[in-house]
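Beneath this line is the structure, given in structure tokens, with notes to follow.
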Amino acid sequence: MKEILYYTWGAIVSFVVAFSVGITYMGLNRKITARVQNRYGPPWYQNFIDVIKLSSKKTSIHHGVMQHMGPAFIMVTSVVSLLVIPILNGNKFFPNLNFQGDLIFLLYIMVFGPLGMALGAGQTGNPNSAIGVTRGLSQMAGFEIPWVMALVALMIQYKTTSIVDLMNVQVESGRWLMFSSPFAFLAAVMAMLGMFRYAPFDIVGAPQELASGPMSENGGKYLFVMMSAGSVFAFAKLTLYVDIFMGGADNLIILVVKTFALYLIPMLYGITSPRYRTEQSVRWFWGWPSFFGLLAILQAALF
Amino acid sequence: MNMIYILFSLMFGGAILTFLAHKVSGLLRDILFVLTILASTVLFYTKIHTGDAVDFSISGLPLQWGINAYGRIFSLIVLGLGVMASFYSVSYMKGKERLGYFYFNFLISLISMMGILMSHDLVSFFIFWEMMTWSSYFIVIYNGKHVQRSGINYILFSALGAYAMLMAIVMVYAHTQSLMIQDMMQAFPFFPVAYKVWLPILFLTAFGVKAAMMPLHVWAPDAYSDSPMAYTSVFSGALSKMGIYGMIIVFVTMVNYLPDDTWFRETIAWLGAITAIMGTLWAIAQDDARKLLAWSSVAQLGYIITGVAVGTPLAMLSALFLSVMHALFKGTLFMAVGAIEKQTGTTKFNEVTGLIRKMPWTFISSLLAIIALAGIPPLGGFVGKWMLYESLINSNHYILVIAIFFASTSAFLYCYKFLFGFFLGQEEKEWEQVKEAPALMVLPMLIMATLLLVFGVFPGIVLNPIDLGMQTLGFSTTAGTFWSMSGLFNEWGNQVMLQPLVYAIGGTFLFFLILLTVKGFKETRYVTTKDISSSGEVPLEHENLTFSEGFYQPFLRAVWPVMKRRMMSYYQGFGQGMEAFFDYLRRVYSGNGQTYAIYVLVFVVILLLFKNSLFG
Amino acid sequence: MINDKNSQKIVDIIQNFARQHSIWVLAYGTGCGAIEIPPTMTSRYDAERLGVRGAATPRQADVLLITGYLTTKTLKRVIRVYEQMQDPKYVIGFGSCTINGGMYWDSYNTIKALDRYMPVDVYINGCMPRPESVLSGFAKLQELIQAGKADGAKKYKENLEWYRTNQKKVIPNWHMPEYNW
Amino acid sequence: MVGSPVLFIAVPLLAAFLIPLLGMIWKESIRILPGLVLLYMLVLAVTLLGQVMHTGTIVEIIAGWKPPWGINLVFSPFTGVLATLMIGMGFIIWIYSYRFKNVDFEEAKKYFILFMMLVTGSVGIVLTGDIFNQFVFIEITSISAYALTAFYKHRDSAEASFKYLMIGSLSSMFLLLAIILIYSQLGTLNMADIASKAHLMKPEFKILAVIFFIVGLGIEAEIFPLNGWAPDAYAQAPGPVGAAFAGIVVKAGVYALIRIIFTLFDVSGTHQFLIVIGLTTLIISEMAAIRQERLKRMLAYSSLGQMGLVLVAFGIGTEEGIFAALFLLINHAIGKSLLFLSGSYLVYNSADKYINETNGMGKFLPITSFLFALGALAVVGMPPFSGFWGKFFMMSAAAHANMLLVIALILSVSLIELVYYFRVVNRIYFYKKESHIEPKKPTVNAVIAMVTLGVIILVIGFYPDVISGYLHQASQALLDKGKYIQDVLSTGQLLTH
């Protein structure tokens, strides 16, 4: 019982950490984007204000029970992936539900939320939402290929499907996987561009085309939960990348530094890019990224 | 008299009585139909025990019927789905024509599936196999003129497979002088090499047809989608599993003894993977729910085939587990489509939308089934997929994992399309009067969907019988090794999977759901789907804002180069060529008496000329 | 504790601060004024400093920016958009045309005074108002929000009858759902 | 003893002559008499068959001349099974055609006379032990068959009959030639005697005789290049006659061919020749069948193909193969007759008998259509119907003889068969009826006949042991050439002392 309480407490703390870091990253993204565009930009905490404002909206509408549940679905994905992904190396405080096969579990649970939210978006009856969802799913079929290739390369090289095992490998050898398996890292990072949905892969939300796509009927508290879930999820994803490729982190500060360094990649790539069409985006992922994925697998299989 | 005889006489008698009762009264017929299945299920599970067998002989051929633990796994699918589908069909088929015919064939196909599982010898196996083929064929063509083509395709491919099997059976018979499957298994290692290669190929052709393996799958999408939905759930859920049943036997007993079995396994595994990919892509391209599900069945069977072909204990376990899951979720989904067809009269995504509030129970069961189909935890599909990936990675099938994963990811596309097309989207006025399907149709779906959830959380319920069955096939027990292998199956009685994760999922979901509901509860209101932000316009009731045409057009554009070449067109070309050839040959019979007389003379002359070489 | 007056006050202060510094604008580009929005948002004037940001749909927006004259036809859409927005919501009338019709003062098909039809919180004067004045308009709105005086939505709800009568007077075929907040 | 084999020839022949006489007294008698006769023969045949299975072959000597010189009838398990089958089929076809030409007395009289002659001739071919006598019976059968083919007196049926006649006379010619050859060489016409002396013939003459026999009997047995007449005859003859052709006449032809090849001469290569020619017949006929537009022609071609299959099974030459061949033969007799009988009701009122004129008959003629479907399933070889067992036994026989390629060929041709039969069944049940076709309800006696056939199909299908015991003995009897010779010739010796 005590253990469960302890874990619950740890889960809440890690959620709060992930939430604040994730939101800060989003704010920093806006700030940096503004600086690149020669603007002053909003303060770094702007997204906190946005989230609070959204939560303080008095009214909200929904088109049915699926839309009502949609944000909860996506929150499940964020929280559960946060629980499964080890946040720090060998830290007992943050709950760590990882197990043999958690990488595969993560691949699927990461879809759980978006699909649930997509159901909510579908129920609004707004054509833009549905179009956004179809784009999102198509793009997912695109970037999952290099991403899975990278993971499979690591899995077969180290004969494990567990994140902790991969981290231990790096700790023991003292060498980050991004250096020992560069192609896998390359493929995974290219897939990450799609995962973060920044330009040129922002075809899902595309405010100018689809009026923010799946979220176009969500406001107030729904958007609040979605935004929070999005930032938590962003942090979870970055942590996963750090865990797998950059040897994890021993304390939170190193983790923040590493994740932010990774976060810069999609962000900076996004600031300087226009937008792809859906099939271009899908094909892009099946091009070079998948090629690097194949190289990674070859490397893993041969050496 | 032995219980096995009683079981078969009960089912046959029930089938014939049902057929005859059709002439007397509809109610009697329905009752007889359901009772037959129920009674035989009860009989099977209470009175017939693993290891029971009866021997008899027909015309000098010694035959044996019995049941072992391996067949029992599949009997779960057949009888379980059979019971559900029987209740469902009573309601679904109400008011249709030729019900005696339908129920008769339905029962015959169930009987023959049970027969296949209970055959210990090749002849009765083949007999039941063919009975299954024609009974299902008669249901495929039940819907009238427009489905005859799919029927002919189906019977043609099935017969191709069946004849391949017949050939293999007589080869075995000629070589071993015995028809027992057990004897074949024991004798196989001592067969000549040519037999060792040909027998598995012939058997796999037979089973591959039923399991819709590329390139023998072309009948499947049409046949699945054209038969009445009440039967398709059994057709796709259970009948196709007979192919898997046979395949596993072939792989365990034959391929293991091939001189070099790697290439064989790889080929079949890749065929399975390609089946999965192409099935998925074509499912995405469909605009009709029945076709979509049919292609999706093809794809799902592809995973199972891959699992079987890879053939490690874990892969086998996953294939069998996925078989059970596929039966459940595809059964549910086909039933849901049937319910929608019954209530709205169409199964096209671009015709019917927004049924979620009208048919909530159908929606919930479809939702659960779709989640399981997509392999998303915590439902049953995930466990199977997880085991499949794990086994593929452990057995060094790197590219195969990618292929399977691609198919599985793309499957989300059609999963979403299915739910969105029917249940979500604009709630059009046209479908305002639609009611939830009758309870008899909804209950089976709900029960099966619940089972999916239960099996997802407690996979041991299914995995234990599967483990027993695999021991019959000569695998060592997997329970000890795999339960402890991963936290997925942790120590809580070997039954519970993902316990903390399930709690985490449930807890998070509930917390945020409550948060969303409670926060500003009074100020949250429901608005209709016409009240959407569409540039300030107020859509009128007749204005259709539904998005369903060209749903995945961009994606399809991206994958079009792969889909351009269709297997079907090759077969069609071949068929047309053959027909032209036949037509040419037919002209030998010119209808002219003189020609015929000349034939006779020419024949005589030829015989006389070559008499020495002919009769020397 | 939540119902406690003091804590309610604290919550109000936090909420008003958030609302004040996070203004998501649905720019309804009705007239020529829409051309002034891009410079306002981009690097020269950079309205994002103030937390002002574009919103894609009325469901997410806080401020409805009416940029210029409104024909009766457009008015209907604007009303619709306004009613789809979530509380608390504000309206900024932009340009002279929204105040008194401006150069369209005698046009047969534009409305002259926006606040007869919608509760306008802030007017921005000028034809055209420069980005500077737009920014000052946003600043004014922020002030009002902080003071809790930007209660246009409340007014609208209270005087719905009056607004409806006015609206229906100019809009000939009225096919709108009921506004039932 | 209930009776002797000679009654199988004498009684129906007598009945054929009595029909017109009795017809003058009581018009109905022309219908009843053949039935009574056939029933009597059936009872007799079954009893005799039972007896033969226990006691061995019955050899009947006609007019007291002992075998090498006189005519004898041999009722062995093999011939007995075939004779019983033919008589049984004759009886069922009689039931079916009891009301045939109900109003036209003269026509009916003609039909029944010819029908009795046909049965007599065919049974005679099977039973006789004398080669010239067999020729005579073949002529009897053929002549009645020509007449029956032309029964409707249409242009088409006359043409078909003429073709049949023309080819048939060629057949007679070659048969006579062969018989002359043998007689000139051996000075005997008794089959057993020929068989025992065959090695005395000069090899060239022997081969020549075999070739002439193959051609002459091949025309009756409908092997490939010689069967041009068959589809026309089958299609133009009245429905029951078509059934009789498939169920009775062909069987006699095949019997004669098999007897020549298996018993009379042991020329090497004949078995292989049977397989090759059987396969050719099978393949070409099935290919022709799938492209037919008329129901009866399709059935006819399919019948040719089936007989090819039977020949292949015989050609395997082992006991198993002959057993399978006999099984196939019986299945073909039952199944194809059922198809002809039910099929002729399905296209009863259409002028051209096109297949698409059977559309939607399932609703109007439920029993007939059902039986047609059953027959189709049986002929195609779907378990658990009778056809499957024949096919299975044949396959395993071929596999035992290591003829895997033959199996593969036969199975691939079976696919074609499957397609065209199921196409028709689909049409019957699931297409909309052509508006101008008026379905004709089958009469009660026709239904009884067809249902009997259907029941037989089911019984054999579910319990093949009913006949397999007989067939095993029959196939042994055919293979045991020495016993045949001994049986026949020793009877003569018995008579002498």
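Every chain is named by a letter (A, B, C and D) in the order it is written, and numbering of its residues begins at 1.
In this section, a contact is a pair of C-beta atoms (placed from the backbone, for glycine too) under 8 Å apart; a residue touches a chain by one contact, two chains touch by 3 or more.
Fair warning: this is a prediction, and the values are worked out from it, not measured in the lab.
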Leaving out subunit B, the still-touching groups: A, C | D
Selected pair, greater C-beta contact count between B-C and A-C: A-C
Chain whose averaged C-alpha position falls nearest the assembly-wide average: B
Computed distance of Cα centres, subunit B from subunit A, in Å: 36
Subunit C and subunit D, separation of their C-alpha mean positions in angstrom: 98
Subunit B and subunit C: spacing of chain centres that average the CA atoms, whole Å: 58
Sites on subunit C at which at least two other chains make contact: 57, 59, 87, 181
Set of subunit B residues in contact with two or more other chains: 523, 525, 530-531, 533
Contacts with two or more other chains, residues of subunit A listed in rising order: 57-61, 211, 216-217, 220
Topology of the chain contact graph, where touching chains are joined (line, ring, star, complete, other): other
Pairs of chains satisfying the touch condition: A-B, A-C, B-C, B-D
Residue ranges of subunit A in contact with subunit B within the complex: 7, 11, 55, 57-66, 68-69, 71-73, 75-76, 79-80, 83-84, 97-101, 104-105, 107-109, 111-112, 115, 118-119, 122-127, 130-131, 133-135, 137-138, 140-142, 144-145, 148-149, 152-153, 155-156, 159, 161, 211, 216-217, 220-222, 225, 277-279, 282-283, 286, 293, 297, 300-301
Subunit C - residues contacting subunit B, complex: 28, 57-59, 76-78, 80-81, 84, 87, 175-177, 180-181
Residue ranges of subunit B in contact with subunit C within the complex: 523, 525, 530-531, 533, 535-538, 540
Partner subunit A, residues of subunit B touching it in the complex: 354, 356-357, 367, 371, 374-377, 382, 385-386, 389-390, 393-394, 396, 398-399, 401-402, 405-406, 409-410, 412-413, 415-416, 419-420, 424-427, 485-488, 490, 498, 500-501, 504-505, 508-509, 512-513, 515-517, 519-520, 523-534, 545-547, 551-552, 554-555, 557-559
Residues on subunit B engaged by subunit D in the complex (per definition of touch): 58-60, 123, 126-128, 130-131, 133-134, 137, 141-142, 144-145, 147-148, 151-152, 155-156, 159-160, 163-164, 166-167, 170-171, 173-174, 579, 581-583, 585-586, 588-591, 593, 595-597, 599-604, 607-608, 611, 614-616
